[in-house]
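Please find the structures below.
What follows is chain A paired twice: with chain B in the first complex and chain C in the second.
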Partner chain A sequence: MSALQGTAGLPPPRAFRAPVSRYDQTSALWLLAPMLLVLLVVAVFPVLYSFWTSLYDLKLTRPHRVPFVWFDNYLVIFQDPLFWSSVWRTASFSAVSVAAIMVIALLMALLLNEEFRGRRFLSAMLLVPWAIPYVANGLMWKWIYDSGYGALNGALFQLDFIDKYMVWLGDSHKTLPLIANAFVWKEVPLAAILLLVGLKSIPADLYSAARVDGANVWRRFAHITLPSLRPAFMLVAIYETMMAIRHFDLFFILTEGGPAEASHVLAWHVYVETFRKLSFGTGSALAYIIALVTFLLAFSLIRALGRRL
Partner chain B sequence: MTQQFDRRFGRRDFIKASAAAALAGSGPFLGLRHAHAADPIQFFCWSAGVDQVKSHVSAFEAKTGLKVAYNNAPWAQYRDTLVTKFVGKAPLDVLWVSDSWLPEWAEAGWLAPIDGYKELTQYNADVDDFSTKSMLWKGKQYGLTYYTDYMAFFYDAEKLQKAGIKTPPKTWDEVTQQSLQIKKAGLAEYPMMLSMARESWLIEFLSAMVFSHGGRFVEDSGAAVMQDRSKGAHAALNWIVDAVNKHKIVSPACVEIGELNGLKAFSSGNHAFALLGRYRVRTLNDPKQSQIAGRVKQGLMPAGPKGSNATVGWNRFYGLTTQAAANKEKAVNAVKLIEWFGGKAEGKYAFQKLMFMDVGSGFAVKPLFKDQEIIKAYQSYSDMAMYEKQQALAKKKDVVSPWFGEWDEANGTAWQAAIVGKSSVDDALKRSADTWNKLRKQA
Partner chain C sequence: MARIRLQSVGKRYPNGFSALENLSLEIEDKAFVVLLGPSGCGKSTTLNLIAGLEDVTSGALYFDEQIMNVVPAHRRDVAMVFQSYALYPHKSVYENIAFGLRMRGHPAADIDRRVKDAARRLELEALLDRRPHQLSGGQRQRVALGRALVRQPAVFLMDEPLSNLDATLRIAMRAEIKQLHQTMQTTFVYVTHDQAEALTLADQIVVMRDGVIQQIGSPEEIYDRPRNTFVASFLGNPPINYLEGMLTEEGEALCFQRGSLSLVLPHALALRLKGQAGRSVKLGLRAEEVDEHSVPRPGETLHGRVSSVLPVGSDQYLGFEAEGKLLFFRVGRDLRHREGENVALSVNVNRLQIFDSGTGDSLLWSGNGA
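Right, the complex of A and B next:
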């Protein structure tokens, strides 16, 4: 029994609904039809068609033999050790990147939430990495990491941290962390803004009440700020995880999956299968697997974090 | 006036006209439009020497009265673009083809052999042997050469002189010894420049190393031999791994250095030796583009222990599409265009000479080695005798096959893994050979 019923003893009010005539329904359908048609053509059809393609052994360079292989492409993918190593690399890259983004973005948001001179300027500057296109970002980091003339080597050498120029992207142990660094640099601003919006929405009364109760800064942060930011954290976590799993641009520009297989992640695997080997069957199957994994991950994140909202 | 228009061109007329226009516009997509001989010759190239191509097309149009629709795409996307066009049945008559794609495109039925056109095959007599062989697939010839070059060994003569080295290295062992000497003299940290980044150039570098070590990736029968320890591929990869990790004469960053960055690094004076495409010598000795201009000499490719001065040569050629060959009249016009570019125009190898003089790209037609203008131009920045001598020792890639693209991907990864110490030389070559055998079996 609802509170309203208990209070007034009346049945709950029904939402007002204007009667909809058959003519209105038909008109609405006709008016929506063009957009529905466009959606069918540009969204639904490609999705279904690519699934259909994933059931064929389709190679563009072998146009005369395209056998229907049921789910063989999926089986081949799951039996490929390179696929599993790329899954592992993608998972490490995503975990490290998303964790770093969350921490740095939170610190930035906390800083920008305070009143100080130059805050507006700093906020504007913060948006610069976000405004830079991914390709430009990749090229910029390629220059920075270059082993011959890169800014990173130059700075470290001049500051006497290194005695000779180092190999960065060519070192298979450093490649993935360095790409993650470039990814974090690009993604932090958006995450910081989302968290800042969350911070701004926390009622000031809560902090005042906590102060009256004698809560120190850390307690206020742990018991008010962090729990209140949970929806924003969830949004950032889901968005950035999806971005990290599907990220391709930096891998393409910085290393092309190398050296050896050091940066061969899932998105790169899809690219190689589809556009280098021109194996559209396997490429489509891989794309479906990634889409499914991303969906399940987002779903579980929403379930895990959303339950406590 | 408006009323008059309304009367003559009402809503129904507008709908009819729109539908007609849409149908006409979508004709090519619906496959309604058939090619006619009167249509322009569809000529597709990658975006190199665009001005030179355009001017030669104009001369062709003026001479023959035929129309040519010239289009291009960047080299990096060329294969994908063309495959998509072939699959989509886009109109294509004549196009530039890389020897690496020939088996793939010929097997797919996109390229037509030119053996039946005597006006084209007559030029074979003038062309370097490896170049003609690069245009053959299953005994049939698929084009006329547009540009041919090879992987060359360059050295900075001044650095060698400063290090007290009198003659450039003749063997890969000497390269190691001289590099150590140069390194000891403090003239270069990594005296030898190798580009080992995964890009389309990588197979050319690897093939040059393998051939000069007397090796092969695969035998004529098609069986992989790269994993055989007694064959040159093993010795070649071993030399690179030692040069990077043991002697430290090649930068460990070589796995991220592509051909273009390698050129920049060498031309900025960071190295004493380099493997680069022969045509790069023009840039290397140009004071506007290079800090070591005037000091770069070409030497014969150093030989491995059981090897020779052989190198890898590559060929790009004019191909005729099957759709053009299927239309008799169109084929005649397309063949005329191929001859104009790949053969003689007005009795001369005009286009190959133009490209050499303007851009520095190499040629396969031997008579041009005797052309006084070419000799004079080339001698101003390099050595014509060396150019010709090394070209005569060039071999075509032995891995060109319908599955080349897929294997190349795995092979590049395997070689890089050995270089960065992620796998042994044996494992890397075995992995590459296994991939080759698997793809061959599948095909």
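Right, the complex of A and C next:
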């Protein structure tokens, strides 16, 4: 006891931190080396190499002549009207998809946050779309949308909403919304789970306090649930926006950018440039542009939503 | 202003658990009532029923003459302070306090005036723009109080509001809450498991256990005239000591007998125990009702051995072996007994408690006398 006497009034002792010895540092480096090496080979090198490629006019149709063109590839891209129309299509696809994902996921999370019979079963079912690979999801929707034997045609026909089978994906006005629908179906589960975690972390006392303060159910939702979910919303918005902007699989499987250019989005544009026209230079440059746009979007979303956390 | 009446109220949860059974309680207008009991005794449930946060499953709840069973919380004129404070984390202190008024549609000027009044009263003026996470525990507590008092409710409910504060602050806040009650002139219902809080704050204490009221009374009544061993044990520090024994008659006098111990009960107590001689009872002896200064008189003496001395600053606790039992007493710190010493203590026989050894009900205060 006596050792403790006389310490009152003194500032608390600093947290003790052992000096890091040179031995510790070098052994740590050695232990990390294998992973660093792997990252170097599979991540850092390709990133740098593709940037390097984007500065060359590299076309596999004439592999012997590869001139260094500085930023000409980027200029070519920006002068291509198809690029700008694909930017516009990507933007509208992403905006609609992310908005739909957020609304549906919120409703889903609110439902699963209630206690009712079969809640566990429903939660498990909710995870199914999430567990399906993108390609399988694409094939499934291709079948549903099929003009000859698709389930959508079957259902709508039997319910008398249509009087003949439709070529859904062939209608350039319907293509993007239909692909967005398939995308939303696949993405909602993860978003719903993230929001559900947010809902579960709201202390019940806050709702009690608001009830006593005279707030009815709508006001409790507006004043407690929504503001408390802001971090979860931010996470979902950033993640899903990035997923939507870069999304490729469904466009490849369902429409290959068609009909005409109705679903020619940025990711598809990269594919066409690189693997159809075999122009690796412009393809790499495009990939860089997408990465930059994605980064800027995420950054501004974090700024916009994060400031008010 | 409201008088609260619970009439045979029961609360049963869907899983079959019964939190309250047949609880009847009347809380006078402007009273300060403390619901006291261990956790799980139903005191918080009772508070939630009054607030409307939970539904009454049987019986009736009245505010004055109006039945409230189905009136939702947001239509009742009550305010509540929570143990966790439950401040809205994304709202400023100002908005936290103003929220209840906004929800009830007060005009903006009125809200502003009232919030600033409350802030001045609770010394929160400098903090109005802060968020709850920027406040200390004591400041949060004040905001929670402010949020409740700004509404000038008919009923003020508090659910263990001080248990998250450190000891010094707790005592200061107790004084403030007591003052608040005096100036607000409204009904307070306060839930706690802390006997000291109950004794300092309450006009009336309601001691509860397993959803059943054990005793209702003023702090003095509850402390001096406990109706059963549960109430007696729940108040007092260190807790009351018990000795099993017999009531015997010796000539005119009624005595408590256990082994070589014989305590003569004073006339006032003996009157209440008429015809109980020969009964086996449990003697209750509060920790402070012994004296080692005065020379013990026969019939008021407890012989024993000091087994431990525990100084607690202002007093010391004495572990005392007597009649084969270990008892704890609180004595002044000026007396220094050594461990192992044999001592004769003088017992304040006027303050003895006598309970039925089987049921634990008081034989002194069970009837209408309590």
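Just so we're on the same page, the second predicted complex is superposed on the first by the 294 of 309 C-alpha atoms of A that agree within 3 Å, B and C clash if a C-alpha of one lies under 4 Å from a C-alpha of the other, contacts with A are read in each partner's own complex, and residues count from 1 in each chain.
Quick note on the criterion: a contact is a pair of C-beta atoms (placed from the backbone, for glycine too) under 8 Å apart; a residue touches a chain by one contact, two chains touch by 3 or more.
The shown structure was predicted, so the numbers you read here are calculated from the model rather than taken from an experiment.
In this superposed model built on chain A, chain B and chain C occupy separate space and fit side by side.
Residue contacts after overlaying the shared chain place A:Leu60 against chain B, while chain C stays out of touching range. Rounded to the nearest 10, the angle at the Cα centre of chain A between the centres of chain B and chain C is 150 degrees. Contacts of A:Val212 after superposition: chain C is touched, whereas chain B is not reached. In the superposed model, A:Pro203 lies in contact with chain C only, and not with chain B. In the superposed model, A:Pro227 makes contact with chain C only, not with chain B.
Residue contacts after overlaying the shared chain place A:Asn113 against neither chain B nor chain C.
In the superposition on chain A, A:Ser85 contacts neither chain B nor chain C. Looking at the superposition, the partner that touches the larger set of chain A residues, chain B or chain C, turns out to be B. Shortest separation of chain B and chain C in the overlay equals 51 Å (C-alpha atoms, whole Å).
In the superposition on chain A, no residue of chain A contacts both chain B and chain C. Remark: chain A residues 60-64, 147-148, 164, 167, 169-172, 255-262, 264, 272, 275-278 touch chain B in the complex. Against chain C, in their complex, chain A makes its touches with residues 203, 205-206, 208-216, 219, 223-224, 227-228, 230.
Residues of chain C that touch chain A in their complex: 48, 51-53, 72-76, 78-80, 82, 84, 86-91, 99-100, 103-104, 147, 151, 157.
Of all residues in chain B, those touching chain A in their complex are 80, 83-84, 86-87, 104-105, 107-109, 189, 197-199, 251-257, 261, 265, 270, 402, 405-406, 409, 412-414, 416-417, 419-420, 422-423.
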